[in-house]
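In the two assemblies presented below, subunit A is common to both, partnered first by subunit B and then by subunit C.
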Partner chain A sequence: MKPFGKMEYCWWTLIGITLFNTFLGEQFSSSALVSILVALTVMFKGLMIIDHFMELRHAHRYLRLMMRAYLIFFPSLIIVTTFL
Partner chain B sequence: MANTGSNQVPTADVASVASSPRPYLPGDLAMWFFILAELTVFAIFIIGFAVTRQLYPDMFQQGQTYLHPVAGGINTIALISSSCLVALSLNAIKHSRQNYAAALLGGALLTASVYLAVKSWEYNELIQQGFGLSTNTYFTLYFFITAFHFMHVILGMIILGSMAFKTTKGAYQGKSLSGFESGACYWHMVDLVWIIIFPLLYVIN
Partner chain C sequence: MNSEPPKAPLGIFPSSWSEQRAGRIPGHIPIWVGILSELTEFGIFFVAYFIAKYNYPEAFSQGPQSVSTLAGVTNTLILLSSSYFIAKAMINIRLDNRVKCEAYLWLTLACGCLYLLVKTGEFYWNHQQGFRTSSSQFFTVYYYMTFNHFLHVGWAACAVLWVIFRLRRGAYSAKEHSGLEALAMYWHMIDLMWILIFPLLYVLR
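And then the complex of A and B:
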């Protein structure tokens, strides 16, 4: 049985980012910097999930591209709306 | 439904999939159409929420003060943990560890039920304070988006429960893992959507 070191590493990273985001939501009134930071972490979390949990890293190219585009597009909208 | 050859091999591990010359598709193609359709619906909700927030910034800022970021954070951790346990369960089943895989799915169901409990508590708190679907545009969108996601979590839990039951009966032993992978991908999609919804509703204002 292979150890699941990589998966556990992903889990700890995702939990760490979530706690950081929760801390931002609790402690800071939103600013452009907070919004950009949160958007980037959402992008990173989403890409980690589709690559490691969904195992799309080696999946069909179009499917992988579509899922990655989704995860890049929506957090990018958060950044765009920050400057509106 | 069309499926890749790699899914037909019951004990195929990730490494062999990676080195396979064929494009790999985790799960069934029909499930991926369903997942992409669901993601599109959530995308419309998210865009609608973002646009309306630009139109009524004060209402949204005020509405957000009644939400609990810690509760949202707990829910995020619950869904991420559940998703991780499902991924580990898939790995276990690829290594023919049926009982361990079923136990991991049980753990995934348990962590998912934390989400249901916390979200129900949140709804109860808001309703007790007099907020509902018709309070204002912010709460209409809040309840619509989160309740829609809540229903997906319930459906996902039913799928996970069925997968756990079938795993204990050895249904995936020596057979295609396509059904298991499809259910797992659906659950990861539910997690993925919450990861976008959480900061949008609770963190950014």
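And then the complex of A and C:
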């Protein structure tokens, strides 16, 4: 058994991104850059879970597309509302 | 009444959507109907959040500073870990390792219970600070989203317990584990929703 495989790598990456996002939110006042960074990292986290934990990367094409579209659309609204 | 399950596809979807042409459906179709319904429900919440934030920027700037970021981060880490554990349970059932699969399911359940405990503590702490659903537009959205998510984790945790019971009865194996996989899909969906909720209510100001 591999002690540190792909799943473990994903798990620790997701934890690292979460802590990074929190640090951004706590240390910097709300700015367009912080919002964009948070939105992009949320997208990345979502896509990681869809591809590696849900294993949709090699599963049904339309389910994968729907899930990916969802996790791209809603974080994108964070970026859109930053400039409104 | 004919109680036999249908053998042929219903033929209501284009053939390009079939598993033969589009790829395997993890779990089964009913759980995906449920998952897509839940995603629609949460999608409406997110749209409501953005509309409210646009109309009441002051309340949504101060709101995240009032809630407990520590509780939010802790719950995010707990749910991410639970997703990892249930994915490991899936790997182990495919290897026919039921003992390890069960151990990972118990870890998932523990994470679910821990999440519920932290969230309850957070709600209690909010109450002590004097925050109510009517405190501000932010708190209306905050309670609506987080309590709804809380309920989802609650019943999904009950489903994990049911799947553990079924696993112990020998219902799942390397060959047939669609029920377990369906639960794993649902659990990941709950985690995904929290991944979206967390920055909106705890990080962005």
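Here is the rule we go by: the second predicted complex is superposed on the first by the 80 of 84 C-alpha atoms of A that agree within 3 Å, B and C clash if a C-alpha of one lies under 4 Å from a C-alpha of the other, contacts with A are read in each partner's own complex, and residues count from 1 in each chain.
By our rule, contacts are C-beta pairs under 8 Å (C-beta built on N, C-alpha and C of every residue); 3 or more make two chains touch, one makes a residue touch a chain.
All values reported here derive from a predicted model rather than from experimental measurement.
Engineer: Could you look at A:Thr18 and tell me whether it touches subunit B, subunit C, both or neither (first, second, both, neither)?
Structural biologist: both
Engineer: Could you say whether A:Leu63 touches subunit B, subunit C, both of them, or neither, answering first, second, both or neither?
Structural biologist: A:Leu63 contacts both subunit B and subunit C.
Engineer: Identify the residues of subunit A that lie in both the subunit B contact region and the subunit C contact region.
Structural biologist: Comparing the two interfaces on subunit A, one with subunit B and one with subunit C, the shared residues are 7, 10-11, 14-15, 18-19, 21-22, 24-26, 29-30, 34-35, 38-39, 42, 45-46, 49-50, 52-56, 58-61, 63, 66, 70-71, 74-75, 77-78, 81, 84.
Engineer: Touching subunit B in the complex: which residues of subunit A?
Structural biologist: 1-2, 4, 7, 10-11, 14-15, 18-19, 21-22, 24-26, 29-30, 34-35, 38-39, 41-42, 45-46, 49-50, 52-61, 63, 66, 70-71, 74-75, 77-78, 81, 84
Engineer: State the interface residues of subunit B toward subunit A in the complex, per the touch definition above.
Structural biologist: The touching residues are 13-14, 17-18, 20, 23-26, 32, 36, 39, 43, 46-47, 50, 53-54, 69-70, 72-73, 76-77, 80-81, 83-84, 86-88, 90-91, 95, 97, 184-185, 188, 191-192, 195-196, 198-200, 202-205.
Engineer: If you look only at subunit C, which of its residues touch subunit A in the complex?
Structural biologist: Residues 17, 19, 22-26, 32, 36, 39, 43, 46, 50, 53-54, 61, 64, 69, 72-73, 76-77, 80-81, 83-84, 86-88, 90-91, 184-185, 188, 191-192, 195-196, 198-200, 202-205.
Engineer: Quick one: in the complex, what on subunit A touches subunit C?
Structural biologist: It comes out as residues 7-8, 10-11, 14-15, 18-19, 21-22, 24-26, 29-30, 34-35, 38-39, 42, 45-46, 49-50, 52-56, 58-64, 66, 70-71, 74-75, 77-78, 81, 84.
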